[in-house]
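Structures for review follow.
Each of the two complexes below includes chain A, the first together with chain B, the second together with chain C.
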Partner chain A sequence: MKKLKTTVLIIGGGATGTGLLRDLALRGIDALLVEQKDIAHGASSRFHGLLHSGARYAVKDPNAARECIEENLILKKIAPTCVEETGGYFIELNSDDPAYTAKWLDGCQKAGIEVREVDPNHLKREYPLLTKEVKRVFEVPDGTVDGFRLCWANVWQAEEYGGRYLTYHQLEGFEKQHGRLTAAKLRSSLTGEEVFVEFEVAVNAAGAWAAEVAQLAGVKVNLLQNKGTLIAFNQRIFQKVFNRLRPPSDGDIWVPHHTITILGTTSVNVDNPEILRPTPEEITKLLEIGKELIPEVLELRMLRAFAGIRPLYLGEESNSQDSRSISRDFVIIDHEKNDGLKGLISLVGGKLTTYRLMAEKTGDYIGKLLGIDRKSKTSEIPLTPALAVEEKNRIARRYIVRAPKIEERLKGVTEEKQVLCECEGVTVAEIKEVARWEDTHNLEDLRRKTRLGMGTCQGLNCAHRGLGVAFTELLEKSQEPLEQLKEFLKNRYAGQKHLLWGEQLREAELLTGLYGCNFSLFGGTDDV
Partner chain B sequence: MLKDISLETLNHCAKCSTCTANCPVAKVNPDFPGPKAVGPDWLRLSLNAETKVDYPEGIEYCSNCKNCEIACPSGVPVASLNQLTRAEKLKKKGFRLREKLFANPRLLGRIAVNFAGLVNFFTKIKIFRLIGKTLFGISENISFPAYAHKSFSRWFGSYRQKVNKPKNKVVYFPGCFTEYNKPEVGEALVKILNRLNYEVIVPEFKCCGQPAIGNGRLDTAQEFAHFNLSQLKKYVKDGTPVLFSCPSCLLTFKEEYGGLLGIEEAREFVPYFYEAGEFLRGLQEIDKLLECEPIEGKYAYHEPCHLKASGVGTPGLELLNEVAVNKIVPLDAGCCGLSGSYGLKAEKEPITEAIGQNLKKAIDRHAPEALVTECGMCGVQLNNVSGLPVYHPLELLAEKITKES
Partner chain C sequence: MYDLVVIGAGMSGLMAAGAGARRQKKVLVVAKGQGALSLSSGCIDFNPGLLEREEGSPYFKVREVVEESFNFFKYLVKRCGLNYVGSPSEQTRIFTTLGTVKNSCLVPESMFLENPDSYERIIAVGFKGYFDFSPKMFLYYAKKSGIFPGLKETEEVYFEPGVRTVNTTWLAQALTRGELKEKLIAFLKPYARPKTLMVFPAVLGDLPEDRLFKEVEEVLGVKVVELPGGFPSVPGQRLHKALVSSLKEMGVNFLFNAEVIGYKKNLRQVTSIKIKESGGRVREISGKAFVLATGSFWGKGLRANTEEICEPIFQSKVYLPRNFAEDFNFLASGIYTDEYLRPIKELENLYGAGSILANSNYLKNNSGLGLALATGYKAGLLALGDGEVRRNA
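Let's turn to the complex of A and B:
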């Protein structure tokens, strides 16, 4: 059994956990993050990708709106390569209530969100697919955010400041001495190896799994697990975020995310963080609502449907089941105060947009607990270089601190310039280099870092080629290469199977045939 | 947001790469990443600023041969998309005189046909070809199509059609190659049709627009298209069939007007457009004529890409085989590589040559005495690689079936 020691143990490698790792590392506080799967395995990638301007909350939750706009501006400044300053539109349709628009404008003004009215005809001209029912249009400083990239940027910067992380390590239990947690037992989900970590404070940043982690410590965190389903369209339909201007409800938002567009979300309570299956009812509902903005929405090709779980904090006594009325605010729970258990803090709720603020407040709190009085530097020290969204910056934007190695390869070896993943424009150099990294454990990890296989073909052309060009590198990993391929295809199929009609059905058939004939893998359809 | 062609591409492309596997240019030219990369891939990536390049690398190497579109199992208008992108790129970079000249064969044709001897002489002289290359980027080695001494319309104007009882009428679109380079083809068609008691009408036309498309001048192509359609309107309204002897002209009228050039009303004309062989084969009366003196000799047939893309099969070949003593074998060697004015450009010459190797091999294997193909420019290339005479199927047919018995 491996033994490790750390001052702060962070459980969960989503935006919250990685944000905290960065915050602590920049303060010079020793911290180790553990994540059961890969970084951003949970809601931090299974989300909508909207960098809120706060406008969505302007009427109902002025506090959240203010936090959002402040963090929105900070993230644009410190992490320009993880976000895209697309801007967003709020669209009032003829059928919407103009009284709400007035309230909304007022709310935005109070929260300090800049709003500019736009000529609806201009919009109709630019986007002929849009409904003719558009009445008024307002532009707000919404943006988009890449969850994978943001989380990794946090981790990699933390690493430069001494932060440590272990992926594919699941927390299985705690050691308790005199009413205080002192150590954690982890297990590698890849090798089965056990790891024992001594700590002073543990932070439960396990998102939708927070209740389960708390349970391992013998305490309770009252969470409502709320599933949101999203549909990814094959192409970038809009260049800005499109929001409906009405009281927040399902299917309101279209987010352009790199090459695709994501429509969402639904809101359904579930009783387990692993219930990630979008249901036909949810998909039908989203498309029905989507039709209101794009009447011919069914003509647009859809790639995948996926869901994420929002952990909504119910407080101690609340029994509310109406998920949209529960605040999306985050809370820091010190279990010493709540349950008399020392050494454990739980972080729950919140939004990805405000992850940095959440980390800052938690860092302050931990500092106080440990008697280390150092200020958070996360809003000042840039997380990524300031590089515009341009093709020539693609490598530097995507791989951040690790970009130079790839750039070097691209300059050097001609064969490595070749585009391997044609849908997403990923080169051989990227695949080979990322495959080498210690925190890349398989083809799936490679995908999340590079976008390999995230496009139209969903792995048809690129999965086997990716495995081929990086075979030597991937052979070094604990998982067999063919197993890696299998898992890759299985996960690609898992997202597609909810939308198997039209062109995407053909695509899946083609993929099944190709991998069936060549690898006996049937495109991952065999065991789903 | 997205134009029709783009939307269709984004919605339907399966990313199967069949198009690239069937692109003759990608096969021989490593600088051309192929139709998928410059088409559907580029289009999707170009909507995202982080992966957007203004124009896809190598797009100018596309010859609009349409093989990608023929091969695509998803019905993606991939060649059309590539012409749009290429045209935009060329426009941005500024057109050379060469593109302007090649875009409208009538400009040169009208003059050249009056001085055919002289022009044909000069285009064969090394030193002039060298000058052409340095000044205009025109290929030094590929043969230019020779000009005729008398244009088709001049011949037609003075020709008295021999139709006994005028039963039916057809409109004929001769196209620039027949007009200026090989009027024999048009003459053959008129004579055959007359034998079948069809009177031929040839209104005033402009070029079909394919060379303009190939040279990135979509505005010009559009202007031609509108003119030509307006000339056809009254005939089509009466249900008069419109015949083409040139596959590229046919394809342009049938596909490009309504597709790439986005002229909605052109689609209504399509049912009236016929490839000449297609029309003739459909006439019952032709059977009798085919009981003529057989065609002797050993011929091989090249199927032009644009004929393939027109979706009419190979009616010319089938008609010939009804009368040929030796079955005319298809060369089955794919694209000829010349692709209209494409191969006349200096930088494309090696590509044209490399693609042409397949033809050469197939011709060597079959060792025919002469070659047959519908497309004039394919004919130029066939002659280039083999030195053999090349005929349009109509020419061979006419020779037999219009012989006065």
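Let's turn to the complex of A and C:
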């Protein structure tokens, strides 16, 4: 059994946990983050990717609106390679209530969100797919955010400041002494190896799993687990975020990301953070509502459907079930105050947009507990180096502090310049280099870092090529390379299978034919 | 007026046309594209054991023509210099570029590996700047497979074709034309020793008659094997080319880039089909009998929207598998047919064949091209009113 020691143990490698790791590292507080799977395994990648301007909350939750716009501006400044300043539109349709628009405009003004009215005819010309029912359009400073990249940027910067992290390590239990948690038991989900970590404070940043983690410590966190389903389209349908101008409800936002667009989301309560399966009803509902903005939505090529779980904090003994009326704001629970258990803090709720603020507040709190009085530097120190800002500098934008290693390779051997994944423009150099990294454990991790196989072809051509190109590197991992490929394909199909009609179904057959027949990787090959 | 009009130029359509040509009938094949055939590995999967387990499989309607149709297929491709090895009652094991083992039935001679235990040395030949084949990966899994018990050493070698970006199509053409072939052979010479197996990705010539693998074997005195892999699939393309050109030589007419968009009938007979040509021109073609061999979803024989699956030309009734999305069950979708492969009772001269038929999940039965071959051939015979076949059926 491996033994480690840290001052602060962070459980959960989503935006919340990685944000806190960065915050503490920049303050010079020793911290170790553990994540059961890869970084951003939970809601921080299974989400909509909207960098809220706050406008969505302007009427119902002015507090959240204000936090969003403040954080929105900070993230655009410190992390320009993780967010895209697309801007967003709020669209009032003929069928929408104009009285809501008036309230909304008022709310935005009070929260300090800049709003500019746009000529609807201009929009109709730019987007012929759009319904003719558009009545009024307002532009707001919404943006988009890449969850994988943001989380990794946090981790990698923290690493430069002494922060440590372990992926594929699941927390299995705690050690308690005299009413205080003193150590955690982890297990590697790749090798089964046990790891024992002593700490002074543990932070439960396990998102939708926070209740489970609290339970391991013998305390309770009252969470509502709320599933949201999303559909990804294979093209950038809109250049900006498109929101419906009406009280927030299902399916009313379209977010452009890199080469694709994501429509979402639904809101269904579930009783387990692992229930990630979009249901046919959810898909139908999303597309029905999507139709109101794009009447021909069913003709568009879709890539996959997926779902994430929102951890919504219910407070103590609340039994409210209408999840959208619960504030998305976060809480810091010190279990010493709540349950008389020392050494554990739970950090739950919030939005990805406000992750930095959550980390700052938590960092302050931990500092006080430990008697270390240092200010948070997360809003001043850029998360991504300045050179990465330029649009053309793709490698720097994608790999941030680790970009130089890839740029080095691209300068060298010529065939490494070749593009292997055509949809996402990923080169051989990127694949070989990222495969080498210690925090890349399999082809799926590689995909998340490079975007290999994330585009229209969903890995049809590039998955087997990628495996071949990085074979030497991937052979070093604990999982067999062909098993890594199978898992990659399984996950791609898991997203496709909810949308098996039209062109998606044809593509799904192609993928099955190639990997099932030509490569005989799965299916009926057993002799009788 | 054609005796037989076949819709679709995949394996099943081409075999239906072949059955007609063999009987000196006037045959036309109308096709929009190439279907799954040219994307396939070129290996004809066929596994009666698995087929027998598939309830309602079209296999039960064609069993008696399997032997004959397979022989006829071999004859057809051989006419173009493309040899296939194997028989319907046996499984043949081949390797793919990933190093996986594929069980198939009829395989191109260039992929056929007899007596794997007789090799002491494997040379995996890659190409510099070509990323569809990793010799390293192949060797790793080939060694692990246990299929080469006599193996003493392996080596990966990389031939430099001398251009910056190398793709499959270019390689397959360049290797058989001009000086690259000589260079390749010269490059490989030092590795030529007895009991050596040389493996290549399947790029040794783009044409059915290309026999570069044999030439390398003869010049170097080694055994050469091609490995099927990703797209584009040269062996699938060779197969398509071979079938089409043989059939052309036998007098079959082809109309490519033409989409069938409807039909006309008289009483219980289809009299003509309506086609749209690439320029947009619409016209009618009449025939005495018709074979519907338009493939599955990829081929466009079946079309799905959010509500249902339809067969767009004749609106034949379609079987929708339960748990459609689970376990790739959607592949079993297809049109219902009677014992004579006829999809619609009211249309007596229309026959269905290939992956458009219900209950043929080629992933589960590992019999995609093989079943398309046999059902296509039989549909052709039935369409020509071959009495004997009908009695046997």
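FYI, the second predicted complex is superposed on the first by the 513 of 528 C-alpha atoms of A that agree within 3 Å, B and C clash if a C-alpha of one lies under 4 Å from a C-alpha of the other, contacts with A are read in each partner's own complex, and residues count from 1 in each chain.
To be clear about the criterion, a residue touches a chain if its C-beta (ideal position, glycine included) is under 8 Å from a C-beta of that chain, and two chains touch if they have at least 3 such contacts.
The model shown is predicted, which means the values in this text are computed figures rather than measured ones.
By the document's definition of touching, both partners, chain B and chain C, reach A:L460. Using the contact criterion defined above for the overlaid structures, shared-chain residue A:L287 touches chain C, although it does not reach chain B. Looking at the shared chain after the overlay, A:I237 reaches chain B, while chain C stays out of its contact range. By the touch criterion defined above, A:P128 reaches chain B but does not reach chain C.
Which of chain B and chain C touches more residues of chain A: that partner is C. Legend: residue contacts after superposition of the two complexes on their common chain; A:P141 is shown touching neither chain B nor chain C.
In the superposed model, A:G350 makes contact with neither chain B nor chain C. Within the superposed three-chain model, A:F471 lies in touch with chain C and out of touch with chain B [touch as defined at top]. Of the two partner chains placed by superposition, only chain C is touched by A:T512; chain B is not. 460-461, 506, 510 are the residues of chain A that lie in the contact sets of both chain B and chain C, per the superposition on chain A.
Residues of chain B touching chain A in their complex: 1-2, 10-17, 36-37, 40-41, 44-45, 47-53, 74. Residues 284, 287, 298, 414-415, 418, 420, 428, 460-461, 464-465, 467-469, 471-472, 475, 481-482, 485, 493, 497-498, 500-502, 505-506, 508-510, 512-514, 516-528 of chain A are the ones that touch chain C when the two sit in their complex. The residues of chain C lying in touch with chain A in their complex are 36, 39-41, 45, 47, 49-50, 52-53, 91, 96-103, 128-129, 131-134, 136-137, 140-141, 164-165, 228-231, 233, 296-298, 300, 304-306, 324-326, 328, 330-331, 362-366, 368. Residues 84, 126-129, 234-239, 258-259, 299-301, 389-391, 393-394, 397-398, 419, 422-425, 455-457, 460-461, 503, 506-507, 510 of chain A are the ones touching chain B in the complex.
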